[in-house]
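Next, two complexes with chain A in common: one pairs it with chain B, the other with chain C.
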Partner chain A sequence: MATPRLSLRLTRVTPYTALLPMAIVAALGYLGAGLWTFYISLTGSRTFPSGRFIGLAQYHRLFDNERWMLSLHNLAAYGVLFVLACLVIGFLLAVFIDQNVKGEGVFRTIFLYPYAMSFVATGLVWQWLLTPGDGIDGTLRALGLHDVRFDWIVSQDCAIYTVVVATVWQMSGLVMALMLAGLRGVDPEIWKAARLDGIPAWRVYAQIVLPMLWPTIATVLLLLATAVAKLYDAVVAMTQGGPGIASEVPAKFIMDHLFLRSNVGLASAGAIVLLVPVLALLAPYAYARSRKEAA
Partner chain B sequence: MKMESIVPPLPAAAPVAAPARPARRARRRWTPARIGLYVFLLGAALFFLLPLYVMIVTSMKSMDEIRQGGIFALPLAPTLQPWRLAWSGVCTGAACDGVRTGFWNSVAITVPSTILPILLGAVNGYALSFWRPRGANVLFGILMAGAFVPVQVMIYPLVRVMALAGIFGSLPAIVLVHLVFGMPVMTLLFRNYYCNVPHELFQAARIDGGGFWRIFLQVMLPMSLPVVVVAAIMQVTGVWNDYILGLVFAGRDNMPMMVQLNNVINTTTGVRQYNVNMAATILTALVPLALYFFSGRWFVRGIAAGAVKG
Partner chain C sequence: MYGIRTALLCTWLCAWSCATATVAHAGPRAEVIHWWTSGGESAAVKQVEQAYRAAGGTWVDTAIAGGDQSRAVTINRIIGGNPPTAAQFNTSKQFLDIIEEDLLNPVDDLALRDGWDQVLPAPIVDVIKVRGHWYAVPMNIHMQTWIWYSKSAFAKAGITREPATMGELFADLDKLKAAGIVPLAHGGQAWQDILLFSMVLSNMGGRDLYLKVIRDRDQAAIRSAAFRKVLVAYKRLQGYVDPASPGRNWNDATALVISGKAGMQIMGDWAKGEFVAAGQAPGRQFGCLPGLGADSPYLIQGDVFVFPKTKDASALRAQKLLASIVDKPSVQLAFNRLKGSVPVRLDADDSQFDACARKGMAILRDPKRPVGVAEVYLTPDQNGALQDVLTAYWNTDMPVERAQNSIAAALRY
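Coming up: the complex of A and B.
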């Protein structure tokens, strides 16, 4: 009698043991580590974590810090342009590819391959393309456009926009792929009906298909927005935050203060601030999904 | 609230791999709109291909030729010397062994950082789909939310823990970190895959007396090949392309190729050797690019879930 009962109990316990690694990763790796970072942000830690509790002083310091404010400003400008450009380009590419074009597979492959490249490689290629004198700039002048100076990458005001160009090149193919999947899911009957009624294709896209793609667009928006918050590699590879600190971004500010400028408390406060918009986006998305599932 | 639903399901009916809309038999006439369509697509294709083209031609020119000709010009005297230098002669700091050091480090990191997350992801997905232990969905929810959080939020505590354990800056450290940050997507992939397996199959195996591990090893794992392939492609690409984790956790002796590449190009003083730099960049991007071009629709299948990681 003992053996089957034992094995029965084992069967009940095994799933829990099997999920132990996941429990450890979720509870310690994500939740615990996040809470620890939050705690550090409330202390006066410099090189090493210290227990000296100073309340929200690090947050005050953070928002008095010129470099942090500049990085937030950059991130806002970058984020708006990057998300808009990815959405528009991705959607247009998907719509155009969806018109029964010849060589559809070739176009898809071409638009998506940058996504297989890392942000570092992307940043380095675009850094070379945009190098004043030798890059595109030089070719423009060789073509006789002597007055044109294409030196955004070394310009205080424009460096961050070069990062927009490079990362849009890298990620808009992904948006195209997701949007195309959405378009292929649209009921062909809608197209038949619209054609019978003589409604022009662009109006069908704008007024019927686009609203139907809302779930896809929400997913894409979430992906792009988190990519914005995570922006680090591409900046490091392309401009190193320069010239000066002109293209500084929050993720880089945090890394620099953690590992180069030994100001762990301030960096942790920055990390928590960076978390806020991510959670603010995530919560309504999760809520909408769960309502849809419950319905 | 079901937190797991925040992430798009793995497109089993793959997004781009989906069959094209059945071609309308009517022959297309070359209307102006149709021509405009192709002009737009070809223009876009040109823009997307341009950096790849420039990378390749630059890597095959001498520095003199780069200074004289335009960036778009074809190499007049193609040379492979920059490639040789990039692979085995270029300097990072004091060592001048080329990016091959980083290449082999990346291989050493990528192999265990692919196998372990896939194994754990498969076990997680299996347990979540069929056994549904109490509380598991809460953990899964935390994991999924964590996938969207910038690593900066978790990175410093992880560094402290690794330092305490005495493994900071070693191969086990970087593999462990890839395991942590790869787990959400790997778990999600397998969970969604197993959710589509008929539950009767599982129940039949239970009635036949199969236990947790036996059903996993003898029933589920053998039919998981498609999702394993997708997971492997995504994890190899993600680990190979990672920069920030390698920079922090791998240490000097295990420096992955991506970190080394950035050091070669951005921290080397003196005259910039654009041709060598571009050869090194292509060499570094080659593994995921080859994976993309050869695996085609498999790569695409993982993309919706893989994008979560980004």
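Coming up: the complex of A and C.
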């Protein structure tokens, strides 16, 4: 009887053993690095991490910095627009494809393609398209629309919205794919029942299917929220934070100070500040999940 | 990415050491990190490599595209305890922290032997000599605020004389504008904005105000009426650039001057390479003006090699050999002719350089004219903060008083 008991114990231990490396990596790599960053943010570190403790001075300086404040403001405006636009466009695309259109595979590929490409490359193409005198602006001019001006990318107020447009173009395909998977998971019986009752399709989508898609939407929201917080490559490729500092974002501020400007302390303070809203977004999600699992 | 790079490097080095194991007395091996990767630059650094090989050394080239990336790798490797034999930095405060952590080998012997105190321009000496010790071997000097102008555009606008004051410069810009030419070719990126500002500050405020603001970070000077005038003039230049200027690369702006679509550009001497590559010659199709007036300050920076601390005797030998090679006038000449800059040694023979470079060398020998660019006096952090304010002021309708206050705040930390 000893052998089965041993194998039973083994089956219990094996999963934990398999998970252990990942757990160690997560603990050291994420938690450890997070705590280390917090510690560095309390010091006067410049090029090198140093132990010279200066309290909250870096945070004080951070919130005294015009560029950082503008970055936060840009991130908020960008975040709201980007998440909403991705959700709406992604959902509509998914619904559109879900109508058993011909060549579904082709459309799916087309919509998903932007996500497969690096923004370092596509961002540059966007920049060309949006440059006044060339691209879209030049085409409009060539078509004889001489009064139309399309110069968002060089405008103080609109530059950040060009980043929204380009990143929505990139991400909404992924949202579509996830939503489509969700839609395909909806029981066909529900559609049959709705058709029997004569309910119009848009009401079925709005009032029955959407609520059923909630887990998918939550996942999508989480993905989009992290994409907002780490927004960097699109800005670097398209506007370099300009014109002036008009389209600066926090991640770029942190990267600039980490390497270019040799101020590890200030960069760490920025990273910690950026971590707070991410945690604030994650906490309710994790709480809801744990409640659900307990139930 | 860095991990892969190291792995590749290790494999490569192993293969290399096996291959050379049979060679008796392999010369000192120097691994050099630098960011000279464009066509002309890599041809230039090849000259140093050849000279080092000819002296019996073995050169391991670690070229990394992009100054920021390259410096980040150097610093990471120094922290990680696996420093390169030598690494490139700009002649600036970029490596001051490394000196203060006592992580660089000084090159005092060489400096004393060659009398650097006499043969190097003072702004360069101030950067590489810290508390009586010399920590870097300078390679070249770039002058950052040349005025490059198109002869054909000037002729079309009826400009017959090079401007010698700020007032004349604005008058010429007006003439260019009236002739339907983009008066000022400018790439609206933060580093180019600060370059343009430095030109205005040094030419208009003169050496004294420039050094008081940039070197001494003197709050009273920053809040003075003279400095406000500089800021107003700087902003006035913005009325002379074309709408597509924001975000443009410097070489695209140079291309506008080359084609005669724009009248002038204020840019470092590296822009000359673009003109030459387009088949133009100084004095014929384009002109180079080092400043406004005969005694305008001459804003310089350049590149240096630093030698991270090591206990390895053979690495030390490699460092000594490389330092002496880099400091040789013949190597400096060969390097700088391809790079577009000028030798750092004032005693170098400049007869083989073009007219613009010779003009620059002559100015360098006048001790009253060369001063450093902002990066020479400010930490990367302060310089960045100043850059943020200037680029915001350039691009928005920020009132000049606020710009003045923000600059004062940026340079206080």
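Following the convention adopted for this analysis, the second predicted complex is superposed on the first by the 271 of 295 C-alpha atoms of A that agree within 3 Å, B and C clash if a C-alpha of one lies under 4 Å from a C-alpha of the other, contacts with A are read in each partner's own complex, and residues count from 1 in each chain.
Here is the rule we use: a residue touches a chain if its C-beta (ideal position, glycine included) is under 8 Å from a C-beta of that chain, and two chains touch if they have at least 3 such contacts.
Given the structure is predicted, the values throughout are model-derived calculations rather than measurements.
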Overlay on chain A: chain C relative to chain B, clash or fit: clash
Contacts of A:Ala26 with chain B and chain C, given as first, second, both or neither: first
Contacts of A:Pro132 with chain B and chain C, given as first, second, both or neither: second
Contacts of A:Gln156 with chain B and chain C, given as first, second, both or neither: second
First, second, both or neither for A:Asp147, with chain B first and chain C second: neither
First (chain B), second (chain C), both or neither touched by A:Gln240: both
First (chain B), second (chain C), both or neither touched by A:Leu282: first
Chain B versus chain C as contact partner of A:Ser268, first or second or both or neither: first
Chain C versus chain B, contacts on chain A by residue: B
Touching partner for A:Asp187 - first (chain B), second (chain C), both, neither: neither
Contacts of A:Asp256 with chain B and chain C, given as first, second, both or neither: second
Chain B region in steric overlap with chain C, selected from 45-53, 171-179 or 207-215: 171-179
Contacts on chain A seen with chain B and repeated with chain C across the two complexes: 127, 131, 134, 240, 259
Of all residues in chain C, those that touch chain A in their complex: 68-69, 71-72, 75, 79, 94, 97-98, 101, 188-190, 243-247, 379-381, 383-385, 388-389, 391-396, 406, 409, 413
Chain A to chain C touching residues, read off their complex: 46-48, 61, 64-67, 127, 131-134, 151, 153-154, 156, 239-246, 256-257, 259-263, 266
Complex contact set, residues of chain A against chain B: 7, 10-11, 14-16, 18-19, 21-23, 25-27, 29-34, 36-37, 40, 49, 89, 92-93, 96-101, 104, 107-122, 124-129, 131, 134-136, 138-139, 142, 169, 173-174, 177-178, 180-181, 184, 188, 219, 222-223, 226-227, 229-230, 232-233, 236-237, 240, 251, 254-255, 258-259, 264, 267-268, 270-272, 274-275, 278-279, 282, 285-287, 289-290, 292-293
Residues on chain B engaged by chain A in the complex (per definition of touch): 1-3, 5-6, 8, 11, 14-16, 18, 20-21, 23-24, 28, 37-38, 40-41, 44-45, 47-52, 54-55, 58, 66-67, 70-72, 120, 123-124, 127-128, 131, 133, 136, 139-140, 142-143, 145-146, 148-158, 160, 179-180, 183, 187, 211-213, 237, 240-244, 248, 258, 261-262, 265-266, 274, 277-278, 281, 284-285, 288-289, 291-293, 296, 299-300, 303-304, 307-308, 310
